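Pasting the structures in now, so scroll down.
Note that chain A is present in both complexes that follow, paired respectively with chain B and with chain C.
Coming up: the complex of A and B.
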């Protein structure tokens, strides 16, 4: 296969998702307009888009986006930073790892939204509970990835650093952090997505403002066009969050992001 | 080996053709429910065999919430949906869903007890004079919000001055009792627990919204359009269940509800049983008021006239059949 043919294939394959989505949207619009889909369950894409534009123009959607972000960002920071710190500790210390691993295995699989009632007992019914649940969700992926990132560093680097008499700080800054960075950043991406997911779930259960609460209200009142519009916003938020963190990853660990040339 | 295969094949064919003998010709129906006291009449209708009396084979389908199950009713996955007033019901009808309200399933009556009330924290209750309600909460269900807003207005408070936060039912009760919230709307059985502990009830919803429709039975396309005769039989069974329920806290009713709700008998004796109408009629005026409230909030497409959402013939037929048999 020539290089030109191979390039054309790559370009073509990039169009496939757009073509599939376009066909799906046109079929959906046509079916909705012809009455083939029940109107109370499937609004046409044009109605969904017009509802989305209206809710953005009126500022209502932005109010919900802002409320969700004001939970996601503190939740992510409050969970990811301790997760990172403990992950370093557990990655470097076999004793700490052996001591905390069973606890981690027991607590990690618990659906984070299930602890919301418990959190509410301690933190009350306000914002603190929602942020706390989001931060618990962010904590575990960050902890596990940081720990795994340190453990996959070749022991030779530690031995060399030791032979050169590197201090603990030097070991941390010259070996541990650069060596674990790619997995740490992957953990941050995972943590961000899980935080968004859990925040929206918490808002569905207990919030008067926020994208989760807006989705639930739309479903509760069967305004499906608003439901779909809010789902588009949530999806866009997820994509933006992932793209931002990927950008951060490319800035901090470019060697990991760059794809090998074939 | 071959004989075994043949026997199994015949058995499978028989199974596919109908189920146990005697049940094959009974129409199978699916009735949604949630495990709440407001569903008492449904449990009684089922347990007393009123569906079977009408030759119906009814499966009770547990639901998380009835308002969000309207699509299942409209798509024929459920045949009967008992549930509270909800914008989703009217929006679905407005957008062409083949569903209608067919009968009453509960209303606030001025002379009866109240199974929902606006309660306040001990600190607010102890305060002298009119104290500001800073933080309050009520349910996410639109009808409960409507009732709570009316209760707050009834008490002379301005909604704009209250920081309103949504808290799940169980947590709301605890939050008010512990003083994390100043007030909130709660229902049974927590209302009875609250009263037993000497909690302060400020407004009972039957005083705030006397005669207001709370809950209804709705039918889906099968009972409304495809087989209305089947719908009439279902209506007879349901109204008979309501009338049995209206006999009150009889040993039989108590036993059925204790089993269905998994409550103890003493609690069932004490709680307020939501009033239901013996004639199955609805209060269209109060439904209009609720719709106007929902329209103002942007939750409703349009206020529908009763002719659009109410199919009275089923309740009328059930009433005439049951009254003739008295």
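Coming up: the complex of A and C.
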């Protein structure tokens, strides 16, 4: 009771984000119509939405979405699976960890898009290079999270398993894998995010189809409304990817108490 | 002294420790944790070990469990070859229950490791889950349970695994006094149905007396067995709180430990 009295509010705080967004949209629309904003920079929300609907209806946007997904998904799998495997190895073996740590420390901080030219020397200008860069980007967060996931398992669980006579296989399937799973799945989420980021960047640099190239095309033809529409699609894609991986996490690791939402 | 145990070592199914010593390697030299521990526990016997903190109780338990090798001395199980000790179940103070398994899977874990078929191990686990009063929580995860309930899971797991030797490391150390008494009674009830050899480590003297057939009193670091006290109470025990007979024994043991606890404290400040 006293708590409620102490913070009397005009509106429920849950509505604040919606209100702020509405105000921004309405004032954007209003100032665009009144000519207060230069049209070639800002367009207006209604024009952006109608452009978006048009591009979806004509199927053109879907062609680009499909092209991007056909790079993101193979890139993610080709990077995350080896990252996971090596992460298990480095998590379990101190020797392997000590041996590879310097290499990891040297390569990991490079922004992965920066190696695209190098990759192109090896794989040529084409699909293979774009997917390769995406998978390199997916590899590292997966590797690092898997390794960390294994190392944070309390040694007591290994002792309990050993005490009950667990075989090496059982140790892996009943302790190592489930014990590291929550962090592994966080790693997968991170990997998906950077894969999308790097794929879009690579498409901007070299591709004739894909959301990155579509954004670039919109810039080259000075179609601001199409630029905004494509950005909305990219952000929706990112949100969907993250949300579905969060769902996967809660389905596969139900013992993890849900993290507080931020 | 090859594979077969000497005939004089003791009864079949017993546990024998001979001159077990252990030193930990530290950066600044060695730390002696155990010194010449001799003990014998008979099959079906419940032995409590008390001692000041840091006296090597847990080290001794891990050595008996086979999770650590002592620096010197020998642990043997008469009737068993040295390289084929009987199976044992360790119950830890906390965190011993796997957070990623349901209560049912946790309790069935020992059976799973012995490749007991799924249906059978779940039946046997369910039976013990019921005996510790958790029948409604079989599909819950440990984080949904209280600390006391989690300890019940750990104990049920050890009993269901059907091991002849149970090693308990302050299983009730983190519980409040009331829950502790309830679980002590539960443990004795389970044990009276299924008399395993139990080594029960605790720093709670009253607990040691309430539960044990014998209480081994250890000295401060390096730990050695200072006195071996037979607890004279009949079983099944109906010991109320503050029972004078219990108190008398508790005070006797406290007299033995007092100086070690004191010196342990003064060493630290």
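Going forward, the second predicted complex is superposed on the first by the 246 of 262 C-alpha atoms of A that agree within 3 Å, B and C clash if a C-alpha of one lies under 4 Å from a C-alpha of the other, contacts with A are read in each partner's own complex, and residues count from 1 in each chain.
Assume a residue touches a chain if its C-beta (ideal position, glycine included) is under 8 Å from a C-beta of that chain, and two chains touch if they have at least 3 such contacts.
In this text, all values refer to a predicted model and were calculated from it rather than measured experimentally.
Is A:216 touching the first partner chain B, the second partner chain C, both, or neither of them?
first
Could you tell me if A:17 is touching chain B, chain C, both of them or neither one (first, second, both, neither)?
In the superposition, A:17 contacts neither chain B nor chain C.
Does chain B (first) or chain C (second) touch A:156, or do both, or does neither?
A:156 sits against chain C, while chain B stays out of touch.
Could you look at A:164 and tell me whether it touches chain B, chain C, both or neither (first, second, both, neither)?
The answer is second: A:164 touches chain C but not chain B.
Return first, second, both or neither, reflecting whether A:181 touches chain B, chain C, both chains, or no partner chain.
second
If you stack the two complexes on chain A, which partner ends up touching A:120: first (chain B), second (chain C), both, or neither?
After superposition on chain A, A:120 lies in contact with chain B alone.
With both complexes overlaid on chain A, does A:109 touch chain B (first), chain C (second), both or neither?
Neither chain B nor chain C is touched by A:109.
If you look only at chain B, which of its residues touch chain A in the complex?
It comes out as residues 65, 67-68, 70-71, 74-75, 86-88, 91-92, 95-97, 137, 140-142, 164-168, 170-172, 174-175, 180-181, 294, 299-301.
Give the list of chain A residues in touch with chain C in this complex.
My answer: residues 154, 156-157, 159-167, 170, 174-175, 178-179, 181, 253-255, 257.
Touching residues of chain A toward chain B in the complex: what are they?
Residue positions touching the partner: 38-41, 117, 120-121, 124-126, 205-208, 213, 216-217, 219-223.
Quick check on the complex: what are the chain C residues that touch chain A?
These residues of chain C touch chain A: 62, 65, 67, 87-90, 92, 95-96, 98-101, 109-110, 112-114, 141-143, 161.
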